[in-house]
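The structures come next, written out as C-alpha cells.
The following pair of complexes shares a single chain, chain A, combined with chain B in the former and chain C in the latter.
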Partner chain A sequence: MSIDFSYQETWLHKINPSLKLGFVFLLFIHLIMIHNTNILINYMFGTLILYLFFTGHPWKRLMIIFLPFLLIFLTSSTSMIFFGKGDVTWFKWGLIHITEESFFRGLHLGFRGIIFAIIGVVFALTTRPVYLFYSFMQQLKLKPKYAYSFMAAIRLIPLMIEEMQTLHYALKVRGVQSGKGIRGLYNKLKSYSIPLLSQSIRKAFRIAVAMEAKRFSNSGNRTYYYQINFSKVDLVFVFYLIAVFTLSYYMAVQYPYFPITDVRL
Partner chain B sequence: MSTVANVKNMRLKFPGVDSLLFKDFSLSLKKGEKVLILGPSGSGKSTLLQVLTGLIPHAVEVPMKTDEINIPDSWGYLFQDPDSQFCMPFVDEEIAFVLENLQIPKEEMNRYIHHYLHQVGLAFKNPHTKIQTLSGGMKQRLAIASVLALEPEVLFLDEPTAMLDSEGTKQVWETIKQVGEDKTVVIVEHKIEEVVDFVDRVVLLDEQGVIIADGSKDEVFASYKQVLLEHGIWYPGVWRDYLNSKPPSPSPSPVSINPSVHLSDFSVYRGKSVKLHIPQANAYPGDWVTIIGENGAGKSTLLLAMMNLLKTKGTCHFLGQDYKSIKNFADHVAFVFQNPEFQFVTNSVYEEAAYSLRLDHWTEEQISPRVNQLLKTYHLENHTHIHPYQLSIGQKRRLSVAASIIKEQSIILLDEPTFGQDAKNTFAILEQLEQLRRQGKTIIMVTHDRNIVEYFSTKVWSIHDGKLANDSSTGEYLESNNHVTGEISYVH
Partner chain C sequence: MEKGLKLTDILVTIIIALIFGIIYKLWGPLYGVISTLGLHVEQLIYGMWFIAAVVAYLIIRKPGVALLAEVAAAQGEFIFGGEWGVATLIFGLGQGLAAELIFAAFRYQRFDMIVASLAGVASALASLGIDFYYGYIGDLALWNLLILFGTRIAGGILISGIFAHLLVKALEKTGVTNLVRPASQEDYKALG
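Up next, the complex of A and B:
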C-alpha cells in the first residue's frame, strides 16, 4: 500500500521550519489571551486564507481535512453553550441551560478550536519532517542523535500501517472476535498492539545498528546535505502575521460582528 | 597475504541464554578473501559478522571477551531487511546521510551520490526519489551504494537477498560481484547457489558456534556433505541429494473431476482500478498449485482475494459453491500468512493450535487428542506451554501451519511458507504439505523457489503484470519455459 501525498511547493514550504514552528507556538499562546470574539473571527479568516490558498495541496484533500474542524467547532462550542453559566437565560430544558453569556463563550471556544486546528494543519501540511529536523540541528542546535532518531522513526510509520493491514486480515482469517464493550476494546487493543510493537521494536533496533554501521556517531562534527537558512520568505510570513494581527484588531473595533468585547464578563 | 581482521579466543553469551554462543572461538580473515560463513539457524553467523566489525559490543551490548581482536580499518555492512536499514525517506538523502557522517562538504555530495548510484547500476533521472517506491532488489542495491560511500576495504554481507525474489537476488549478487572484486568479502547467505562461484573459502559453524570446517569451498562441500545435511544447511546440490534420498513417488491422479477451486473472469479491485485479473483457473482435489511471478505482481493479492478480504468481481467457486455464500468459510479454506507472528492470537502453543476448535465450541475431550496429535506431527509437542513468540523461526512457521489446518480444511492457501527457512525446515514443511495433498486436499501456494515448483507442484499459475498469464500443469509449464530452469541447473 502506498499513500500518495503529493503537493505543489508554495512559499509556505520555503519558510525556515524552526521559525515557522516558533511563530506557530507564539500564535497559540497569543490565541489563549484573546477574549474578544470579533478579533478571533477576523483572525480565523487570516489563517483560513493560508489554509485554502497557500498549502499547495489539492482542494479535495483540503476539504476532507476540514471536516473534523467542524466537528471540533461543534463539540467545543456546544458543551459550553448548553451547560455554561450566565444571567440572561434564553432557553432552559432539564440540564440544558442556554444563556446569552454561555452562547458567546461557546462560540468563542469554537472559533478558538478551529484556529488552533487550522494553524496546526497548515504547519503540518507545509513542513517536511526532514527539513524540520535539519533546521532544528542547524538553527536550534538540536543534537543529531535526537534529530536522526526522529527521522528514522517517521520512516517506520508507513511500514507500520502496512503491517496493521496484514494483521487485520490475519485476525479476520483466524476468526478473532474481540467481544463487546470495554473488555472487547481491551482485547482488540491487545491483539493489535503486541505484534505491532514487537515488530517495531525489532525494526527500530535494526535501524539503529544500521545507522552505526554507517558511521553515525554522537561525537564529532558533521556536514549537512541540506543547509536550511533564513530567506525573504520568512519576512513575508512574519509581515503577513503582523498584518493579520493588526487588521483583526482594527476591524474588530471599527466593524464588530457582535457588541461583546470580552466574553469573560 | 596480510590479515585484515581477526579474533582470538572469543567468548560471547546472550543475556537470558544459559550457554555460551561462542567458546574460545578464533578466526582470521586475509586480505582479498571471499569467505562464505555457513551454519544452521541460531549458530551465530550474524553475531560473528557484528563482532568482526565491532558493532558488538559498541552498538549492540552483548557481554563478550577476547584475547585479541582486530577489526578492519574500513568496512561496510549490508543488512538483510531492505526496509529496516535506511533512516531517510529519499534515495539521495540516504546516501547523503553517510556522506554527512564522513564530513564530506555539501558541495561535493551531489557528485558522490551520482557516482555511487552509478556504481550499483541504479539510474534515476532525479535521485530525489522515494525509497518506498523501489523494488526490493533496488532497495538492496541502494543499500550497497550507501555502503560503498564508506569506501570500505572489507564488505560484510548478512543475507542480503533473503527477502528478495529471484530477479532481485540476481541483480544484487551481480552488483556485489562487480563492486566486491578487489575487496575482502565476508558473506552469510542461505541461497548459496548464487554466490558459490564467487567465494573461495567456506567456514562451517554448528549450533554452538564451533567451527566444524574451514577451507576452500571444494574441500568443504566435498568432505562435509553429511554434516551439512544433518544441520539442514543449504549447499549446492542439496535438492539433488534430497531427491535421491527420497525419490518422489508417482502422485495419485486427481480423485474428482469437479474442481475444488474454480475462478473465472475474476477481478480484484484496489479502489476503483483492477489490481489483478484471472480469466480462468481451476484446481482439483489432490492438486498442488504454485503461484509464481515477480515481487509486486499480485500473488499475495490473489490469495487475499480468494479469502474474501478484498473487493472482487467475477466467479470464485470453492467446492462448487460461490465463495461469498459459503457458510463457515473457515471450515473449508485455511490460510497461512507469510509472517507467522501476525497470525498468533493466544499466549501458548497449545492454545494457538486449539483456537479454531474452541471458536467452534468443541469440548475439551474432543480438542485435546486432536491438538496433541497435530503438535506431534509438527514436532512441537515439547513446547506446548510456551508463548508462540518464543519459538524459533522454523517452529513458528510449523505452528502457524498446524494452527491453520487443524480443522482439516480441504483447501489450503499459503503465502511463501518456506521463506527464510533452512533446508531441514523447508523439507519438513514440504513433506507435511505433500502428505495433505495425498489425502486429497488442494494446496495453493505462493513461492519464489523454482525447485518447489518443479519437484512438488502439480500445477503452475504464473502471474504477470496483474494478470494470470498461465494455468497449466507443471510439466507443460517447465517445457514451455525451458530457459528459466537454467537457474537450477546444478540439480541435474
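Up next, the complex of A and C:
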C-alpha cells in the first residue's frame, strides 16, 4: 500500500501513552456523569481544539476523518429524539413522539457521542502503538507476552490486507460467483474469511513458536529498546484538561445555550 | 508447565481479535447507515461486535481466551480510530466478561452452537446494561425499548452464535485448529 500517512510531531505525541489513556478513561467516566448539555457543548469545543490544531495531521485528512462524526451525531440522537419519554409534546405522528425532554436528551447523546469520537481519534492519531505497548509494560506492568503479541499482531495487519487483495484477484480470475441474497452473502463471507483466518492462524503460530524460542515470553527482569518516561508535556496535558473542565462549568453557568440543566428530568 | 495462557495462545487470539477489530471498525459506518432506517433495524447487525470472543474461544478452547479476544478486538478498533472512542473499550470489556462467564459456567467443556448463542445473548445483555448508563435507554418509550432488546439479542444469536459456530466448523476442515487446541480426550484415545 502506498497511502501517505506522514504527520508532524506535536506535544500530544510526546505525552506518556499510559497517562494519556488513563486520562482518556477518566474523561469517559466523568462525561457519563455530566447531564447538563451546556457543559457538554463547552467540553466539545475543548476537545475540538486539540483535534483541529494539535494532532499534526494535514487539514484534508482531518476533514475526511470528521465526516463520519456527523453520522455518529445522528445515530446517537435520533431514536431518543423520536421515541424517548417526555411530557411536553412538540410533535406527534404515529409512533413518532417528540417531546421537549426527549429532544434535549437526544441532543445530549449526540454531543456525547461526538466528544467520545473526537477524544478517541485524537488518541489514535497521536499515539504510536509500539510506544503504547512499551509504556504498558514499563508503567502499567503489563506482562511482556501480551504486549509483544500485540505488537507482532499489528505488524501482521498489512500482510493480511495484501493477502485479501490477492484472494480477491484469485476469486475473480477463477470466475467464482457467490450467488444472490443471504445465501450469496454467506458464501462470499465464507470464501474470504476462511482462507484469511486459517492463513493468519498458521502465520501467528509460527511466529509465536519463534518468539517463545527467543524468550519473548520471559517476564523477569528485562531491558527495553524504548524507554518510555514521564515528562513536562504530561503536566501540560493535565493542566489543559483541568482548564477545559473548569471553563466548561463556568461558562455553562454564566452563559448557558439552553435553559436545561439536567436532561434526565 | 507455565500457568495460564502461553505466548502461542495469546498471539493467535490477538491475531483473530485484530482481524475482527478491522471488521468492527468497518461495521461502524455500516451501522450508522442502517440506523437511519429507524426502529432499531441496525440492532440486528450489532451482534457482529460480540463475535471475536466466541470465535477465538471456539478455536482455541481455553479459559481466558474469550475475554482477551474481545478486549483485544475493542483495543484494535480503538487504535484504528473507531467512531466510539474509549466507549469501545468499556463495551469490549463488558461483552468479553459476559461471554467468558457463559463458557466458564459450562466449565470450558462445551463448544456447540447453543453455548455460542448463549454467549452472544450474554454479551448483548452486558452491552444493554452499559447502554443503560451510556445511552439513557431506560428513558426510551417502553415498546421502543423492547424492540431494542429483542433485535439486539436476536442479532447476537444470529451473528455471534450461529454464524460464528458455522465459521469455526468450516475452519476446522482446514485443519488449522489442531495447531492451537489443547489435546482432547479423543486424541488420547486415538493413541490407544
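A few remarks follow.
One rule holds for everything that comes next: the second predicted complex is superposed on the first by the 253 of 265 C-alpha atoms of A that agree within 3 Å, B and C clash if a C-alpha of one lies under 4 Å from a C-alpha of the other, contacts with A are read in each partner's own complex, and residues count from 1 in each chain.
Convention: contacts are C-beta pairs under 8 Å (C-beta built on N, C-alpha and C of every residue); 3 or more make two chains touch, one makes a residue touch a chain.
From a predicted model like this one, the values you see are computed outputs, not experimental measurements.
When both complexes are overlaid on chain A, chain B and chain C end up sitting side by side without clashing.
Contact with both chain B and chain C is seen for A:209 once the two complexes are overlaid on the shared chain. By the touch criterion defined above, A:130 reaches chain B but does not reach chain C. Of the two partner chains placed by superposition, chain B and chain C are both touched by A:198. After overlaying the two complexes on the shared chain, residue contacts for A:75 are found with chain C alone; chain B is out of touch.
In the superposition on chain A, contact is made by A:169 with chain B only, not with chain C.
In the superposed model, the angle subtended at the C-alpha centre of chain A by the C-alpha centres of chain B and chain C comes to 70 degrees, rounded to the nearest 10.
In the superposition on chain A, A:32 contacts chain C only, with no contact to chain B. More residues of chain A are touched by C (comparison of chain B with chain C). Residue contacts after overlaying the shared chain place A:154 against chain B and chain C alike. With both structures placed on the common chain, the touch criterion links A:223 to chain B but leaves chain C unconnected. For the pair chain B and chain C, the least inter-chain C-alpha distance in the overlaid model is 6 Å.
Chain A uses residues 148, 152, 154, 198, 202-203, 207-209, 211-212, 216-217 to touch chain B in one structure and chain C in the other. Every residue of chain B that touches chain A in the complex is listed here, in rising order: 50, 53, 55, 58-60, 76-77, 79, 81, 83-90, 92-93, 96-106, 109, 132-133, 146-147, 150, 304, 307, 309, 330, 335, 337, 339, 341-345, 355-356, 359, 389. Here chain C touches chain A in the complex through residues 2, 6-8, 10-12, 14-19, 22, 28-29, 31-33, 35-36, 38, 40, 42, 59, 72, 75, 78-90, 133-136, 139-141, 144, 148, 167, 170-171, 174, 176-177, 179-180, going by the rule given at the top.
Residues 2, 130, 148, 151-152, 154-155, 158-159, 163, 166-167, 169-177, 191, 195, 198-199, 202-203, 206-217, 220-225, 227 of chain A are the ones touching chain B in the complex. Across the complex, chain A meets chain C through its residues 24-25, 27-28, 32, 65, 68-69, 71-72, 74-76, 78-80, 82-85, 97, 102, 105, 109, 113, 116-121, 123-125, 127, 129, 132, 145-146, 148-150, 152-154, 156-157, 160, 190, 193-194, 196-198, 200-205, 207-209, 211-212, 216-217, 263-264.
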